[in-house]
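Mind looking over this structure? Questions follow.
In this document, chain identifiers A, B, C and D correspond to the written order of the chains, with residue numbering beginning at 1 in each.
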Amino acid sequence: MSGNTIGTIFSVTTWGESHGKAIGAIVDGCPPNIALTEADIQRELDRRRPGRGVAGSPRREEDRVEILSGTFEGKTAGTPISLIIHNTDAASGDYAEIRDLFRPGHGDITYQKKYGIRDHRGGGRASGRETAARVAAGAVARKILDRAGIDIVACTRELGGIRAEGEAQNQIENNTLFCPDDEAARKMKTRIEEARAAGDSLGGIVEILVRGCPAGLGEPVFDKIDADLAKALMGIGTVKGVEIGAGFEAARMSGSVCNDPITPNGFATNNAGGILAGITSGGEIVIRAACKPIASIGREQETVDIHGKAATISVGGRHDVCVIPRIIPVCEAMVAITLADHLLRQTVNRE
Amino acid sequence: MSGNTIGTIFSVTTWGESHGKAIGAIVDGCPPNIALTEADIQRELDRRRPGRGVAGSPRREEDRVEILSGTFEGKTAGTPISLIIHNTDAASGDYAEIRDLFRPGHGDITYQKKYGIRDHRGGGRASGRETAARVAAGAVARKILDRAGIDIVACTRELGGIRAEGEAQNQIENNTLFCPDDEAARKMKTRIEEARAAGDSLGGIVEILVRGCPAGLGEPVFDKIDADLAKALMGIGTVKGVEIGAGFEAARMSGSVCNDPITPNGFATNNAGGILAGITSGGEIVIRAACKPIASIGREQETVDIHGKAATISVGGRHDVCVIPRIIPVCEAMVAITLADHLLRQTVNRE
Amino acid sequence: MSGNTIGTIFSVTTWGESHGKAIGAIVDGCPPNIALTEADIQRELDRRRPGRGVAGSPRREEDRVEILSGTFEGKTAGTPISLIIHNTDAASGDYAEIRDLFRPGHGDITYQKKYGIRDHRGGGRASGRETAARVAAGAVARKILDRAGIDIVACTRELGGIRAEGEAQNQIENNTLFCPDDEAARKMKTRIEEARAAGDSLGGIVEILVRGCPAGLGEPVFDKIDADLAKALMGIGTVKGVEIGAGFEAARMSGSVCNDPITPNGFATNNAGGILAGITSGGEIVIRAACKPIASIGREQETVDIHGKAATISVGGRHDVCVIPRIIPVCEAMVAITLADHLLRQTVNRE
Amino acid sequence: MSGNTIGTIFSVTTWGESHGKAIGAIVDGCPPNIALTEADIQRELDRRRPGRGVAGSPRREEDRVEILSGTFEGKTAGTPISLIIHNTDAASGDYAEIRDLFRPGHGDITYQKKYGIRDHRGGGRASGRETAARVAAGAVARKILDRAGIDIVACTRELGGIRAEGEAQNQIENNTLFCPDDEAARKMKTRIEEARAAGDSLGGIVEILVRGCPAGLGEPVFDKIDADLAKALMGIGTVKGVEIGAGFEAARMSGSVCNDPITPNGFATNNAGGILAGITSGGEIVIRAACKPIASIGREQETVDIHGKAATISVGGRHDVCVIPRIIPVCEAMVAITLADHLLRQTVNRE
């Protein structure tokens, strides 16, 4: 109930502060007899590594995952899978000077008000570092989805106001921005360099595409698949909006345009984004998540200290300029966790 | 786990099909000793009554709520509150001809694929009628919020592509569209009449504003208050997108613009929409939900029957042209239920 | 979280006070396409009717169940099944004089301390009447178990200190005590008449036998099948002890006696009661529940009023002398609900 | 839903196999600002160390606990507390010869049937070793109970058929059996030596006493405090029966004897064991748990191999003769976890 767990049958609990000894995840409810090794998980973790591309910080996180339990001779055993990632490069010293200041756009002030205590070093649980545990757990979810032929791919749809064209599945990993549009990717990189030079940061829009998902996933009324996907994505610190299919544009369509005609060969259009009445229709699932710019910036900002006194702050340390591309594998992981859970939930109706 | 329950401490379970004997809600976890009468609930239900305004259908739903349990001598007793609304005006006959057809944009096809059985009359659980039970439950949630000084008001921010200006709290109930902008309301009504004449339907955007919410509500990591609000709203059948504060626009801002400066008198701007790192900051909470156009339209559409054969369909019956304004009290109810739950969840940290 | 719901996939929520308008249950998570009618449920309800046998009170509860939702054309639809039983014979007047007194052995004092408010009429939620809703829900659970060939039968193993011999499956329903031993049943009836004459009450032990249960049900570590059965039975107001297989006697055995030898034809003995390490073994499940004597007695007892002042009380009204046999179908229902849930939970491992 | 988590607000998830790299627990929902160090937890762990007394095995488990997250500067931070205990003395080799055999009285056969895969080394999750993680989590629960003045003490009430007299709070830790009766303790030790010599094992009964618990804890209907305590204790592998207050004896009492008279100074007797209608009454809570003899014995037993063929087995390795006294701190931990959860759950009614 404390919000550190997501999922019902397939559930993921993350723990750990950004500057504590380690972070980790408990993946529970994974069916037995699925091949799973540390390499399967490490592959996903490596995709979110900082410093990977232009938008990253020079901070070097090794992020070596270790499986502590739940597998036996290379297969899942049906028991809880405990994953741990030790924190090896957490420089607490960098944060000493902001101990008593609230960073604008950060959870510093709200954590303090909620708990009356907070780990000020790097954001604690609110840090982006916590998402490494999600990516690790998502790698386990993907093994379940693989078995069912479900594929998830996310791309950069927009960055710093620059829009990318092209289908998500055409994202080109070697342009380092997971961007399906090489021309746009070049402009985005320029935009990132400008922001870095200005001591500023950028946001963007991630689009997630799911192919091969069977019809029937999602539970009416409150646990609609789109409701759970929205929660999963909005549960990423940086996300301020989520839309499915035509999303906000659907609000401007007439019914005769928005309704996807049904044909013997499937849906003629996909404004629904693969979901009808909260249940997957068998079509491609399309989701977009709006990411705000990174809150930690070098430019001076107005704030208060923990006593409520006016102050200014310039956040040093090693920060990314844009949460994209690092957020891409995190979005994929959250979608994977949600779908794996609903896939297992649907087993009860197939008896 | 079947998705008919929302909330952890304050939980709401709805039941009932649109054309069954009745619908209802169990509200569990409501603290004791709160004054609660059927009139408190009826008031909210009356706000979502069809035929109330221009966008409505002529269908006359009485929607009389009855409290069957959980109160004693006019006060909540701490035990589950069972609310029932009998279905008095459900004309099943209207639906006989679409028994074997899937309506485009509807859950007909996905329910059939999920369960292998469905109540085809009016959509069963996927019907908008189910939301009456949510409004009833939301009225109980509001009693808890009232006690804490938390106020929720929703307005029509956009309808059929027409945008309304003005603050949500200035919504004028007597323009029947909960629209804060009289001029826009007039245009919206014209737009609705045009759509009705064309056998078509419209969508829109609802904006929900929460005032008086204390700081500290919301649970990291997965049960962030914005994650739970997104789930609650996306769990309404018609909603295809949810955003908080600046929402999708935040993706286009730089950090120095997006970050709300903190001053001794509060936040200087509100791009965060009153939520930082998934926890309420004490500022106004601003949420927008994108509603697609109503799926049931008189115009002929392409579809298939339950055997997969091509067919056409023109949905008769008494349908609204636009889900707005009826969705407004539903959005408010979902926000109220979510906040009441998080308000009670936070009690554990205040010991 | 308020304790009115049990089960994870197959879940049951009960609501209603003994002297309110109605009581009921929401059965959620029942798979679709199972034949279910009101008659299926009524049959079980009729077995717990008061006044049925010698131990009963003259109170005449009709207990007509109505299915309000969740079935379509005689089959479950996968949606929540709402069951209601109206209270037709609740004589609130009988309770006026004990409004300000706490009945010894009752929940009067603890409900008051917990909530600061209580429905004093007949015990509210703590009344045995609430168990009618459980029996109704249990009838739905039994339909799921029937499909899997799982059979549950409970008998009176002991009553007022008189022990019955014979196997539970030989319980003779027409001796009105569900007692497998006719000779013991006669003595029990005499004992009941003596207690009634003395204005006193009796307790007893119920034994529940489950046959046909497949191996593999139960979840380590905390949701062991015996842990969940213990919770389900201890959650009946009258139950003060639960044991599995050899139970408390196992504590006095040596390992070489207690361990059930495994043979190619199954287990040679059944001290484990069909459960090993919290998982069903495929053998017969044997459970016993100790029921305390009914708390409401005519004999004068020492108590206090709501102001803490010493008083005496003699509880009038129409009360049973012994919770047996009425508790028998309730025990069966709680076991049925628990097993149905675990049967569905195990589906995830069988993919 | 996989049964590795217990509790609602205060929740504990354990992970790890007996012969894997480590075991651990995630304690979530612990309120912030409670002083907590590794020493607080180590103290409890040391009480369950094997080889501590006569009943133990010579196996030397160091059981050093490490806090990986959730505290900041010596206080709980409101975030999940991750506890880890590395397995340093797990001799897998000992188990090679029973890889294909099912040990009578063990979960070998049921795990295999449930999952189709099992970690045969020492029982995996079914091992008593898993309970170390519970004791660690229970130490955190105790910090919450301490703050409320709630004290838990367990004693050996019976061992190998020998009954101890005296109150639980008088248990003498230095007799190594947590036995309140020195004379009985001496006989028990002799009985243990006899069993060890015979290659056999013993069971016993643990009694847990809770003092200082406020009235009002426990949730009707299904989450009665006694129901949750029964589940918590029956969820320990060795426990086959649980009773509250007079327990099974209550079934033989008449109502006039069993009902505890209420006086201005409290209850005159305590047959209810401090719980009425599933809610604590303010009196002492008394619980007993029946523990079967340890299943692993040196004496030859009849069994089958994983192909169903008849075989004999004599379990070597380093096993305890009796689960008492090691189970004592585990019982205390399970009661502590349950009470801490219900204490926090009750906060919502005290607003």
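By definition in this document, a residue touches a chain if its C-beta (ideal position, glycine included) is under 8 Å from a C-beta of that chain, and two chains touch if they have at least 3 such contacts.
Remember, it's a predicted structure, so these values are computed and weren't measured experimentally.
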Report which of B-D and C-D is connected by more C-beta pairs in contact. C-D
Maximum centroid distance from subunit B, chain identifier (CA atoms): D
Whole-Å gap separating subunit A and subunit D, where each centre is the average of the chain's CA atoms: 39
When the centre of a chain is set as the mean of its C-alpha atoms, what distance in Å lies between subunit B and subunit D? 46
Chain centre separation in whole Å, for subunit D relative to subunit C (CA means): 26
Return the residues of subunit A touching two or more other chains; collapse runs of consecutive numbers into ranges. 1-2, 4-5, 8-9, 14, 29, 32, 78-79, 114-116, 125, 220, 349
Contact footprint of subunit B on subunit A as seen in their complex: 1-6, 8-9, 14, 102, 104-107, 109-111, 113-116, 123, 125-126, 130, 158, 160-161, 195, 198, 200-205, 215-224, 226-235, 237, 240-248, 250-256, 258-264, 268, 271-273, 275-282, 290-297, 299, 301-304, 308-310, 345-346, 349
Contacting residues of subunit B [partner subunit C, same complex]: 1-2, 4-5, 8-9, 11, 13-17, 20-24, 26, 28-29, 32-33, 66, 68-70, 72, 75, 77-82, 84, 114-119, 124-125
Using the touch definition from the top, list the residues of subunit C that touch subunit A in their complex. 1, 8-9, 29, 31-32, 78-79, 220, 344, 347-349, 351
